[in-house]
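First subunit A sits with subunit B, and in the next complex the same chain sits with subunit C.
Up next is the complex of A and B:
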């Protein structure tokens, strides 16, 4: 078993509602880990806290409690210049590449600045490294003089990735890196992540709501709902045999490419809205919308093992299959 | 020369002519001025327009044209100094408040609220009242009164920019707050502040004249338009030009600054067409269709 490069334990990030002063539990006790050279998917619907989790990892949000162990140190306790140097090895890719590049900087200037921040003092070395970075993300070197608005979405996202690479990261946190891109470009960017993993052993936390993108790239997947991890497992196992009713419902919503299968596909329509993270349901977070809810669900279920490396936060892990009971529409 | 044409296009020639001629007068005032503005020549007292004194002379025989030119110098120097002082301090406070937020933001903004709740001229009056009237005190007083405007303006711009993804990615890269503030946030705020300042300059020119008119700013014998107005008051029937000329100068300068500010603001942020203009354009379009 490999030593994980990033180990997050019981991480809580709460926001304060400015009007009522109530706690918004965006991320409420998340435990997950990343192995070196592994792409891990984090899926869930809007507002489940997956972006908050990602932003907490890179320090854009302040955690309430828990720990993020990286290279034997708790990232949350790091301070000062050395802390910044360690933190820098976890980089973040934003959803919208246009707004994550300064409108006043050319590609070359942005990469140059990232290298300066990373402590590269020699300007000739920086220039050479800039060209290297562009090559690593398969961009032609002529782009150094372009502004963000003068490039395509795919090119912009590649520049963002190149800038993150300037910090020599060990871990990339990618928040919906392809959802603002054309479908035709998505596969190219995903392949770039695969290439970075193979060439540099980069570990990557891939946050997405698109299950097919995650299936394409990730070895392991975490499913998040209302601030908590509902299910985790090897990609193959989780997609084949989802153990948590929420995952089952999510997967049943994905259209199939075969029209005959699509005709007879069973779909589950979850009723109701996601409850408010200010006042989440007691016990199992999903019980207010779960079609297989029992009286046991009023107590919080632990993460129950299902298959090797695959578990679900459900009292009936391995015993529940809400899709089999669903009607064919 | 593209930037020149661009400026010309944005600002328009009447505004440019007006503002740049005032600037020219202020900069080269001592060269083009026909007389020393404080030199008295009682034998020319109250002389009207003449070859010796193109715009006449006042009760002490001082050349009005020279005094108007000196007044332009005083006013513009005051406007520029106040804008620089208030702009710098306001931008510093606003940037810190906008970027760091929290209690710092609270303190700066409550200070601004206080500044806004009291009319700025009133603040200036109180300051001059305590420290005594002089040109320097007036400039300090106006600067203090103008700081909240720039602090709040900058704070808004910076707070909006700081939540942009490109600032956040710099934070993730490990950039220091100083780098983020000076390399990325200040340039954004500076653009906005300059636009605002160009429109604000007219208001300031008026404030300087106001304070001097009340005897709280520029002291005689130094020439200043508001001060010229008040010292000409006793002779308003005898020689109305002594009141009218500084009035015209002040009005032209204020119009120039206001036009400048408006044109720059419009170029940066085009305003939606008014209903009247829209109807007009539709009518023209219809006529063209019919033709």
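Up next is the complex of A and C:
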């Protein structure tokens, strides 16, 4: 069995509501791992805590408890220069490349700075490495003197990825890396992640709300709802046979581009809104909106195995299919 | 032509030129289409394709200070919006033509209660008394799926979730009992489960009220679930116009094909590769010779870079369909 490059166990990140002082349980007991050379999807609707989880992994948010094991060390316990060096091997890609690049830096200056931070002292070596990085993200070397505003959205996101690669990372945490880009150029960036995985053995946590893109890019997927993982599994298994009613409802809501398929499919329309993470439902977090809820759901279900490597946090894993019971339009 | 057959909205050779002190750009360039009563037309395109300006400029809903020169005609029930006085246009906007915005929060006044914002327009456009207008508002909020309308009316926009705000936005859009509803990316800011609710709501309202809907979107999923016809825009021009089945199942224009390839549906095989389009949309500050899509097109011939293609009828389509690509139209023949 492959040793995970990143193992997150029972991670909690809570925020304090500034008005009431109440705990906002954004990420509330998440266990998740990444293997080397693997793209793992983390999906869920806005407010489910997926970005908080990603930001906690790279240290942009402070965890309340739990552990993040990377190369045999808990990165939450790392301190000082050595800790910073280890953390640099986990890099973060933001949704909006324009706001994560300095308007006053050329591409070359941005990459040069990243290489200095990573400890490359020789300026000739930095120049050579800068050109290599541009090539790794398939950008022409002439772009080295350009500013962010002089580039397209796709080019800017490539620069952000090149800057992350300057730190020789083992893990990329990518938070909605293509959702700010026009659809016709998203493929260029997704193919770049696939290339980094295949050529460099990069592990990527792909945080996204677009279930169709995650399906084609990720080997495994985690589905998050109200701060918890509701279902995890191999993409092939999870998308074919979603076991958790939330995943079933979520997938049934994704519109299909073929109008014949779209107009004849069964669909579950979830009622109401996601409850507040300040006061989440006791027991199963999804039970307030679940069409299949039973009295058992008042106790928190464990992650129940369904298929090999595929499980769901539902008492009725393998026994419930809310979409099959939905009416055909 | 009598009023039963006349399409409520007819756009004819419509062109918008925006002037700034230093340059002029043409975000909408010779667009023509019509929408029948009870029909949903989706205008699809990427950012910068002109799809929003196409629909907002005739209603004088461009940002303040934008100097837009409009040519051609945009006829609402036979009357050209471009020739209307400000007061005539005000009567149409919110009356015969309702508008739903992408971000309902920016369309609502943050410091005024929701009820008041709705009743105001209803009083004006339907000529009701304040009490009648209040009752009508409560009916509308129920119609768009907001329970307990009387207490909703006492709330401020920030007290609602994104989905609830869009429901209020739609209630506002239909409050004047419009014959045409223009919805600009009404689901873009919403999660898929909420998006599915809003699409269902629009379908239901359209059936009940029989209005024509123009939905501006970049999401083919929304198009396939909601629209009857689709107009694909690229660089301010129409590249393809036809029934949703024709265009989405068997796209003709190379741009439509590329765009559809770029959005892998949940039903494609698991080993499908990510395919997009090479290059970038053209810089609109320069005059575009020939086909605007030619620099990114795998089908392009030398001629495509020189002559601007006109919309040609695509043979063997299930219903009338036009595509601005002579190369492909010849292949269909």
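Methods note: the second predicted complex is superposed on the first by the 327 of 329 C-alpha atoms of A that agree within 3 Å, B and C clash if a C-alpha of one lies under 4 Å from a C-alpha of the other, contacts with A are read in each partner's own complex, and residues count from 1 in each chain.
The rule is short, and it goes like this: a residue touches a chain if its C-beta (ideal position, glycine included) is under 8 Å from a C-beta of that chain, and two chains touch if they have at least 3 such contacts.
No experiment lies behind these values; they were computed from the predicted model shown.
Visitor: What is the contact status of A:75 with respect to subunit B (first) and subunit C (second): first, second, both, or neither?
Guide: Touch partners of A:75: none, neither subunit B nor subunit C.
Visitor: Look at A:59 in the shared chain and tell me whether it touches subunit B only, subunit C only, both, or neither; answer first, second, both or neither.
Guide: So A:59 only meets subunit B here.
Visitor: Thinking of the overlay built on chain A, is A:91 touched by subunit B (first), by subunit C (second), by both, or by neither?
Guide: A:91: touches subunit B, not subunit C.
Visitor: On the A-aligned overlay, A:162 touches which partner chain: subunit B = first, subunit C = second, or both, or neither?
Guide: In the superposition, A:162 contacts neither subunit B nor subunit C.
Visitor: Classify the contacts of A:99 with the two partner chains as first (subunit B alone), second (subunit C alone), both, or neither.
Guide: first
Visitor: State whether subunit B or subunit C is in contact with more residues of subunit A in the superposed arrangement.
Guide: C
Visitor: Tell me, which parts of subunit A touch subunit C in their complex?
Guide: 45-46, 152, 154, 182-188, 190-191, 194, 209, 211-213, 215-217, 235-236, 239, 249-251, 253-263, 267, 269-270, 273
Visitor: For the complex, give me every residue of subunit B touching subunit A.
Guide: Contact set of subunit B toward subunit A: 164-166, 168-175, 179, 183-184, 187.
Visitor: Spell out the part of subunit A that touches subunit B in their complex, as residue ranges.
Guide: These residues of subunit A touch subunit B: 58-60, 84-85, 87-88, 91-92, 94, 96, 99-104, 113-114, 117-118, 160, 163-164, 166-167.
Visitor: For the complex, give me every residue of subunit C touching subunit A.
Guide: Within the complex, subunit C touches subunit A at residues 46-47, 161-164, 191-197, 199-200, 218-225, 244-245, 248-249, 258-260, 262-268, 270, 272-277, 280-281.
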